[in-house]
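Note that chain A is present in both complexes that follow, paired respectively with chain B and with chain C.
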Partner chain A sequence: MVEEKENTASANTAAGQEPVSKKGAKKQAKAAKKAEQKAGTAAALAADDAAGDNAADHASGRYGLSEMIQSKDKRSEREFVSVPELSSHVGKGLVWVRGRVHTSRSKGKQCFLILRQQSSTVQCILAVGDIISKQMVKFAGNIPKESIIDIQAKPVSVPTRIESCTEQLLELCVEQIFVISQAKAQLPLQIEDASRPENADEADGLNIRVNQDTRLDNRVLDLRTPANQAIFRLEAGVCRLFRDILTEKGFTEIHTPKIISAASEGGANVFTVSYFKDSAYLAQSPQLYKQMAIAADFDKVYTVGAVFRAEDSNTHRHLTEFVGLDLEMAFKYHYHEVLHTIGNTFTAIFKGLRDKYSREIEAVGQQYKVEPFKFLEPPLILEFAEGVAMLREAGIETGDEEDLSTPNEKLLGRLVKAKYDTDFYILDKFPLSIRPFYTMPDPNNPIYSNSYDMFMRGEEILSGAQRIHDPEYLIERAKHHGIDTTKIAAYIESFRYGCPPHAGGGIGMERVVMLYLGLDNIRKTSMFPRDPKRLTP
Partner chain B sequence: MCDVATVQKIANCLGVAPGKIQLNEEQVVTRTGAQNKTVSGFATILESLARESKSETAQNSIVTKEVQAQVYQWIEFAVLYVAPGSKDKHVSKQLLADFNKLFISKSYLVGHFITLADLAVYYAISELVKSLSPLDKENYLNLSRWFDHLQQRPEIHQGEPMLNFTTIYLHNWATGTHI
Partner chain C sequence: MYELKTLLPQFDITLPTCMYELRNVSLSAGATPGPAAHQIQCSGAAEVESNNTKTGICALDLDILGRQIQHLLKNQDTTAVLERQEKVLKQLEELKAQLGQIRASLGVRVCGKTVQHTTAYHNGGLKEVPLHDVVVNGHPNFIPYALLALKNAWRDLYTIDVKTFTHSTMADIGPAAREFEANLAKVSVNPALPKINVTLIWKNCEHTEMISSPTMYVPIYGEVNIIRYLGRVGPTEYRYENSPLCNEIDAVLDICYQLLRCTTHKSQVAMVRLLDKRLQQQQYFGGDQMSVADIGVYSSLIRMPAITDKDLTPALLAWRKRAKLITKI
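And then the complex of A and B:
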């Protein structure tokens, strides 16, 4: 109070022309006091620091920035343990662990550091003592997030669960810490923010989200989140299961060319590439080559490869480049032999994902709402006409030969789910008029064809049919569709040397994963997605 | 809505002989009832029909002075806002959203019983509800519930085809993704 009055007096006399108001004077006094305090603490800290820095660093040599690893030393005596395995090393002495700094905070004589390895996190603690010095704690607290570090530590069990880590029953008491690869201090996005669950109900919770464009622009960082790690491991699982199941059924994997001379499937748009002095196209589907492989006596084939569609569709489920899992099979008398094979393949894939990838599914569920995928065994097969009847019952007007619009497809998916309790079903016998020219018509009913679509969560994932294997009939159907047969001469030629009846279908790998998990956008399941507006990274 | 057809429908609803309903020179609907007395104006006609009716709806509408006043307010609202608004793209969306919110905790517009207010709004909004897609019907779940409930009454739908609301029950069974 005395101070204040003095200041007021001096302010008044000093101002001269303008008498400073009481309020103004108070403000000045407050500012002066604050500055004094600040100077005081800064001086104290500096003194402290100086004292600390000057004090002997008894931990030197046990921490620091490692020199760039150029394969100089083998260091084979260092045995590294992965974070999920740490629990079996508790109480058994020191271990080496390499991981990323997820977070680090130092408070005076202690530093808590969370180490992350893909989807696992473990708490590490450095406390000033015999082994660890103050400088070492300070160093640990200042390591930038996402830097890769090597630590030698003792795993100890903890009395209370550490809720914020995946390893909840142990922590690492660090004895040595080295930075192997330092990250830039300013990150374009925080992994914590990118991993935050999308709970719209949490009103108090932090609502910092990273939007999709930022994520895709900094994909390297975004892919480190536990949910993304899990999604892509699951995607690898889908491919692996697809290959294993079909190989077991006697299929052979083939690889088809992606640079082709003519657009293979009617309708979809193609990308053009310059091919020496000419131009060529990027394949929209391996359709033609699968069929040629069948005509070449491979009997049952499948192929996993890129598919390019130059469609200017900016939707949640379209990409310009995606991975197609395609299969084609020769059959004896009825295309249902193939239909059931495809349906059973799907059922086996779903079972495999459910049984062998439950950890990944759970990890995705930590961030995104994942509703378990339901399916029937054997898979549900409805006829197109039945589907139309169900829609009409619900008040939708649609013609007998009209293709299902996307809203109708989704509604039908929900009606099927409500009636049969399955997220996966097959619709058989589509109307002939809406299918490509090479689809075999139904012998008993000219309106329909031997074609089928398969749906997951109400969205189409596979379109397939029995293909016409007779060249004369193929020419007839092509003419009926108004297609110039000279343009597809090579295609027709492949059937002139004897070809068995065959059928098949193709699925989009990203779409299958997206729909299996119930995610809302296909870019979440494509590692480096391509769409009309995105060409990098 | 304030036309001859609707008035006749409501008269049938209330079980009253409509008398002579026509539009006068100013395009206002009039009713010439028994004793050759003419009344004009939609709300007035409704009241006169209600007075002659012994139906539940009519009796409910005059059970207390407050109910009567509220019913009259709703009828006015239906004539002045709901009927013309339901023909406009943006106003109709707001209307549906507002009604949907209202019906979260109410089964009828006035009190817990059916009144003329429900009839007036029902007929004002029925063309609009007819044009909704199943997804919309689901989004306006409470409004759909009220509408479906009313249209079940034979005197209200009067033999006309009923609107299909079966998909609103999917709401709890199969929510679907990417809707």
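And then the complex of A and C:
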């Protein structure tokens, strides 16, 4: 076939360029003859097919398009088995399996079909015989990819491993096949392309990639890749662990309003929404409400919910809407009680992910090569001044009261990793001048404050502090920062009826998942990301 | 009394408008940051001088203070000058206290100055800066007992502040390591002594290794070499590089290094014989003073449970008893 193609191609170019030479004429003749032959065989094949179609179909009723399921029958006699469980059904007769057509190719009297269920795949085979007719094989070969099908089949073990599937030791001999929901024949992206491993150094491998925007435009298809399945299962794990661990530590989950009357922090980057005859804002952070819950005697609270930031920054780590995991806790005498609680919560989440989600982590690793996340237990706590000293030792000039710039932050992350071999650490005692007005100053050194940041792989994920719980002192600090106290009157008022000393912090769920897995873009860890340029799907 | 002559002629310098004035960075904010006085009068200078002899204050600060005093003197406001002087004295006191703190944290450098100088001389003039913040990575199966031994032995001389962590590559550290952690925590910390911060990380690593500063130094491998390092930065009593026993101590430590690498009981016993030869009838390895060599041998023997009392000679057994009193393991 290849040879023939080459011939016709060269003949065409020859014909188009110059008067046909003797050799060229010969070639043309040859090509014409071949084309004739091809047409002949095609006609024969068609005739054969037609004959087959016309021939009595002894398998009719065992395949076809199923009518739309409207919950007419219960069909409780059909017992379905999930793909990972198939191995225990080998040699035990027929089973029903529902899944998607991952690929299907028919070749003469046989059809190989790979059935996918989430991240698990299994090979199915249809061969013309007593049970299966030629028409059935043809039908199976023509089912569009990604259609959902029901099959009844016999699991049998195979002598050689099937490398292309997750179930490598068995295949399914299909006896019945029904299409439940058909997919469009043309897909905007191929699942194989979307799940191809990203090996930058492997030059000889197939280099077809799916662009990030194409993925996000067709998120439903993109999410079917094994890596995405794993990412969002792991994300659910982060949320679950956060809730479980904090609940165990005596925290109460609260829900805070997302439509608020005044901007909680600053005010520049809030979304305005119309609210009947007035306008309202979307909450940038649940902080005020967390603190009010503390003042209302809830002692330890956390909240999981959407947070909105109207920041027009198109970076790999900013979203306009994300899920915030926030916690606030009253303490007895020292804010380190809270710092250690938050730090230990993180360590427990990391341990939970390491121990319970190793399969998901591995699945993500198949596509995106990253180093596993390392951490210490108990978490490493460095003081801001120590961090600055480490940077200076590395030859970076930075001031004592200067905030860490993004490159310095990353460098410090690398230095800490080189010295302590941990991807997670806490920086304590930030300079007072770079923190918000409600941060409690350090009583021992006026330059510093009782505030902390936590870092994963050199990027900040949590910023927290002991908050000032004394209204008079709060007013003093607000004035020092030049803040109009009338605008924050409600905030100050909430401390007037007695409030325990408290501290807390908040993290972005997407950012934590991204950094835990070492992914390069936060859009990979948000199911339907919102950024300044994307509002759909 | 005489008047100092200014180096610069007294011009009225008109500053270009494209420049801006820097804020006065002196600690005594609030004082009138008036223009620099061109003439320095002797009284102010004398005061500065006397201050200068009291403590080694930064020259820049004094300059500004001197100028401010000048300015006030010109205004003929003596009470203000007095107040100012009080304030200056207070600041100097604070500075003194700060210096004291620094001295305390770097105690070694001050008390062991002579030793430092000579080592620098021996090294061909290389400047050595001891690092007071190091990380030790150890596997729970190869517990660096030397840390505890040194901590106990140096109880009254030097503080080794050990913080322990578990790396994510270790699921469980086991009972022996936990007991070791508890023992480390038991040793009381005397804040008055000079100290070194050690971060001990239980990690799934092949060798016990020490990382001081990732940007400046390469890691140090092996427990024995960590002992050598600590012996260098630790109290003067345990510094051995200039002692006549230096070679002897190094030889003993080298035997320990080999002992820890022995896999068969036979070869271990052979190493013990070598140690016995070195010890002979002495009180401690290399003489009648406890040294880092004893620490090395003692901690190595704990790590070798295969070596029982039967394998040790009477001299070694007696030594072990003596050492136990100091190392307390």
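Everything that follows uses one rule, which is that the second predicted complex is superposed on the first by the 502 of 537 C-alpha atoms of A that agree within 3 Å, B and C clash if a C-alpha of one lies under 4 Å from a C-alpha of the other, contacts with A are read in each partner's own complex, and residues count from 1 in each chain.
In this section, a contact is a pair of C-beta atoms (placed from the backbone, for glycine too) under 8 Å apart; a residue touches a chain by one contact, two chains touch by 3 or more.
On a predicted model such as this, the values are computed, not experimentally measured, just so you know.
When the two complexes are overlaid on their common chain A, residue A:L415 makes contact with chain B and with chain C alike. In the superposition on chain A, A:E393 makes contact with both chain B and chain C. Of the two partner chains placed by the overlay, neither chain B nor chain C lies in contact with A:E472.
After overlaying the two complexes on the shared chain, residue contacts for A:E377 are found with chain C alone; chain B is out of touch. By the touch criterion stated above, A:R354 is placed in contact with chain C alone, chain B being left untouched. Shared-chain residue A:D520: touches chain B; no touch with chain C.
Contacts of A:E253 after superposition on the shared chain: neither chain B nor chain C is touched.
In the superposed pair of complexes, A:H316 makes contact with chain B only, with no contact to chain C. Of the two partner chains placed by superposition, only chain B is touched by A:R457; chain C is not. Within chain A, the residues touching chain B in one complex and chain C in the other are 393-395, 415, 418.
Across the complex, chain A meets chain C through its residues 350-351, 354, 372-378, 380, 386, 393-395, 415, 418-422.
Against chain A, in their complex, chain B makes its touches with residues 133-135, 163-167, 169-170, 173-179.
By the touch criterion stated above, chain A contacts chain B in their complex at residues 316-317, 393-396, 407, 410-411, 413-415, 417-418, 457-459, 515, 518, 520.
Taken together, the chain C residues at the contact with chain A in this complex read 133, 135, 137, 165-169, 199, 201, 203, 211, 213-216.
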